[in-house]
Amino acid sequence: MGIFRYIMRDTWRLLSRHSGLSLLTIVTSVAVFFLVGASILFVLNTRYIVEAVEGDLTVQVYVRDSEEALEAVARKASSYDSVSSVRVVTSGEALERLKARLGKLAEAVALLDENPLPPSVEIQVKRASFATVIARELIAMPEVEEVVYAGTVAERLQSISYFVARLSMVVLVVSLASAALVLFNTIRIGVYARKEEISKMLLVGATRNFVVFPYVFQGVILGTVGAALAVLLLWFSYGMAITALERSLPFLRLLTDRSIVLRVGAVLVLAGVSVGWICSWLAASRFVRQASRSI
Amino acid sequence: MEIRFAGVTKQFLPDIVALQDIFLTIEEGEFVYLVGPTGSGKTTLLRLVTRELVPTKGRVTVGDVNIRKIASHNLAYLRRNIGVVFQDFRLLPDLTVYENIAFVQEVIGVPRQDVQKRTNEVLDRLGLWRRRNLFPEQISGGEQQRVAIGRAIANSPSILLADEPTGNLDIDTADEIMQLLLSINASGTTLIVATHNQYIVDSYRQRVIELRKGRLVRDEKKGRYRVDGDF
Amino acid sequence: MGIFRYIMRDTWRLLSRHSGLSLLTIVTSVAVFFLVGASILFVLNTRYIVEAVEGDLTVQVYVRDSEEALEAVARKASSYDSVSSVRVVTSGEALERLKARLGKLAEAVALLDENPLPPSVEIQVKRASFATVIARELIAMPEVEEVVYAGTVAERLQSISYFVARLSMVVLVVSLASAALVLFNTIRIGVYARKEEISKMLLVGATRNFVVFPYVFQGVILGTVGAALAVLLLWFSYGMAITALERSLPFLRLLTDRSIVLRVGAVLVLAGVSVGWICSWLAASRFVRQASRSI
Amino acid sequence: MEIRFAGVTKQFLPDIVALQDIFLTIEEGEFVYLVGPTGSGKTTLLRLVTRELVPTKGRVTVGDVNIRKIASHNLAYLRRNIGVVFQDFRLLPDLTVYENIAFVQEVIGVPRQDVQKRTNEVLDRLGLWRRRNLFPEQISGGEQQRVAIGRAIANSPSILLADEPTGNLDIDTADEIMQLLLSINASGTTLIVATHNQYIVDSYRQRVIELRKGRLVRDEKKGRYRVDGDF
């Protein structure tokens, strides 16, 4: 217990007696964690947008003209988990839509004696990849005449979404790796500046732990404070970014709930604690080993 | 604790043999001067006792332990029994005079109040009380040397190694320090003092061990700094 | 001249006698420059893709049915710089297209006696924002009956492209700022480890420049080597990324020419030189000033 | 160059007056011992000459220059005329013995060959030739001290300040160093030697200036380490 208090006191001394060094390290870790946090938020939003776009995907199922057939198909479609909404479109509605769509050509359609358009069931799927599956299953029903859906678009969306998922992993891995590397080096160079002291402490009978732990706690504090400040910065800049985006790109659906920053922030702070711990532990015990190697 | 060198050679580079074939026993509670010209191996001998160095050949034992056999994580416990006044002091530059002396006690887990009491005692004894809140680089060479001495004796170690402990002290202060060392020795601590100070060796006669070019050339009870008629 | 050689020699000593420190600094600067380079490449590609998508934008101009009218409109359209291609679509072609587009409903069209579709001129614009302008100008021509273009899509594309342009600036500024900050701190902490030496050198009569320049050159070398290695890394990983992207997203038009990496690389190396210079100069001269302040 | 202290006081903290009201003139070419108990202000006096410190009150002039008036970018040129053996050596830890001595010559732009010649000469004179490629932490205390001396004399400065230059040397080596310093003084260099070494002060009698608690208490031509009957 006594020892622990001495170690905490030594941690405080390390921080305060080289406040310049501490400040530099904190600034570095703020920059690093801000970058990591920003890339995580970017990735989360991109994924969300892609998902939202995917959600707009419609499968149009043309059905033989009978009330029961329509209902059967609609019922079957509703039973899928991956379907988000099902709507029945009658022949009349379909004609109205066609007229609206043709615009200039509407008069051509008006020349028709009878309505040639079949009724259909409009299915909204949750994910581009489901469209193909559902289309294939519904075409097997005897009531169904034809299934139309944006094949290429669905495929493209699917591969884009797959790509975004992978990209987000790459961005995360690269930014986390660089972050850890940079922090590790910074902390290590900081310890390097004091390796003389480490060897002196060992010479007067300090145990390895007594020497190493103040550095470890110092690293944890610097990492955590850096991460926390980065989260603060992210909080404000995310707010501003979202506001700016909503003004200039109102059609994008973004993660506007700022609580997402807090969740990302929690991860960052945790990373700060562990990166700080690991890096300073590695750095300090390396110099301890070096210093206690007798020649 | 007894210190024993058995056929110890310490070689640094192919052409630098700092100690050669040293046989030496220092009993518990002895007071030994280590003399010899500059570069003769005095500091190297002391560094072998604290296992800052390991011998190239031969065996160094402190108490019952062969210093080569100590696992490096147990080293701290050996060193706590040995106080060292380093030739270049090796004070911790970020700690004040007070903190430097307190540190070695904290390291071994002495409770706060005891540390306080003992540190103030040592500061007082060495005339450093008014400098207690200054950092090493803010005090004079002689003051730094006394801090180093204070740090070495703070834990009342069973062995005290002092490497040139009076090199930056005037004669009167050196006398005081010698009184202090003698009183510590009287309480049972083994003392090895490496020194060039003829005055103290000749004034406070003790066993003298002389090195020359890494070889032990003289081991005299109640010796002098130099043998009469030496060179 | 003699002095300069001594300074170069001292630079080499700084690098080689603390090779651990040099290595750490290089690793940090590789990480930092890699991140910056990657974000630049990302931004360039995003901009390129947006431009490419924008380039797909078509303005359909329906013209009164006469050869001259069609030609007049086509001629006028071709005269715009912002137009990338102009094509005349006859009534017959239009009908074919309609049939293809209606699919299931083609038979309804087949019932028509005469072809009710007007001929049109199809204009490809280079940029979404031009579509509105051109549409407005062409509708003023007497020969033109109607102009149809993807109004919302054009607007969206325009704001997305505007946003991507801004985003790329933000990404660049943030990543450059963090990079400079991190490198500055790293170099500064490295110099911090040797401030004792700086003050000793000054005490034995070294001029400020004699002390500072080895650190400056050291910083330049570390920064440049770091940037160069980062470029090498980018070269390979960009190749791999492009290959992977082309396989999974073949419809995306990317900057596949790897020479883009070299151009970005040149910028990075230049940044390495200047950031290295400035940071180490600031760091070293700060400690020189500190050391030569007499109390 | 003449060194003149006119009413110099140096105060560090509200309660630490390291030097008080010093009036002192040291003529060009003089040899002066600076003595006094530890903490009496010897090092502080020397640091005022190199402008490591500026006086709190009074004026220090070296040659014709008031050291307070030197622009800090001109400081280097003042310091090149002053060789200093620091009490704690202040060797550059990343440079070898050879490089440490060569460095101070390179700094002032001496051409390579001349640096080589002079450095080897100095190494030879100080018996450090065989240690030339070792780093400071690899050599003994006395060897480090001689490197510091070698560095200070390498440029044949017009003023040489030596702070405790024999603290880590045995008597014979100290004698050699004194011969060296005397020969340097004979060639016209002003010498100030701060020391606790009674033996050298009494053997090589020169002007002695004694400080006590920051005050100049004695200034004697051909003086001794202490006045007979002192305390």
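Letters A, B, C and D name the chains as they come in the text, with residue numbers starting at 1 for each one.
Please note the rule applied: a contact is a pair of C-beta atoms (placed from the backbone, for glycine too) under 8 Å apart; a residue touches a chain by one contact, two chains touch by 3 or more.
Note that this is a predicted model, so its numbers are computed, not measured.
Enquirer: Identify the chains in contact with subunit B as well as subunit D, in label order.
Expert: Under the touch definition, subunit B and subunit D have no mutual neighbours whatsoever.
Enquirer: So which chain is the furthest away from subunit D, centre to centre on CA atoms?
Expert: A
Enquirer: Taking the mean of the C-alpha atoms as each chain's centre, how many Å separate subunit A from subunit B?
Expert: It comes to 62 Å between the two C-alpha centres.
Enquirer: What whole-number Å value describes the gap between the mean CA coordinates of subunit B and subunit C?
Expert: So the centre of subunit B lies 66 Å away from the centre of subunit C.
Enquirer: How many Å are there between the centre of subunit A and the centre of subunit C, using C-alpha atoms for each centre?
Expert: 23
Enquirer: Please list all residues of subunit D that touch 2 or more other chains.
Expert: 12
Enquirer: Where in subunit C do residues touch two or more other chains at once?
Expert: none
Enquirer: What topology does the chain contact graph adopt: line, ring, star, complete, or other?
Expert: ring
Enquirer: Spell out all pairs of chains that touch, sorted by label.
Expert: A-B, A-C, B-D, C-D
Enquirer: Any idea which subunit D residues touch subunit C in the complex?
Expert: 12, 50-54, 72-73, 75-77, 79-80, 84, 86, 90-95, 103-104, 106-112, 151, 155
Enquirer: In their complex, what parts of subunit A are in touch with subunit B?
Expert: Residue positions touching the partner: 2-3, 5-6, 13, 17-18, 197, 200-208, 210, 292-295.
Enquirer: Within the complex, which stretch of subunit C touches subunit A?
Expert: Against subunit A, subunit C makes touches at 20-21, 24-25, 27-28, 31-32, 34-35, 38, 62, 98, 103-105, 107-109, 111-112, 116-118, 146, 148, 156, 159-160, 162-163, 166, 174-175, 177-178, 181-182, 185-186, 188-190, 192-193, 245, 248-249, 251.
Enquirer: So in the complex, the part of subunit D that touches subunit B is made up of which residues?
Expert: 12, 15, 35-39, 42-43, 87-88, 130, 138-143, 145-146, 163-164, 167-174, 196, 198-199, 225-226, 231
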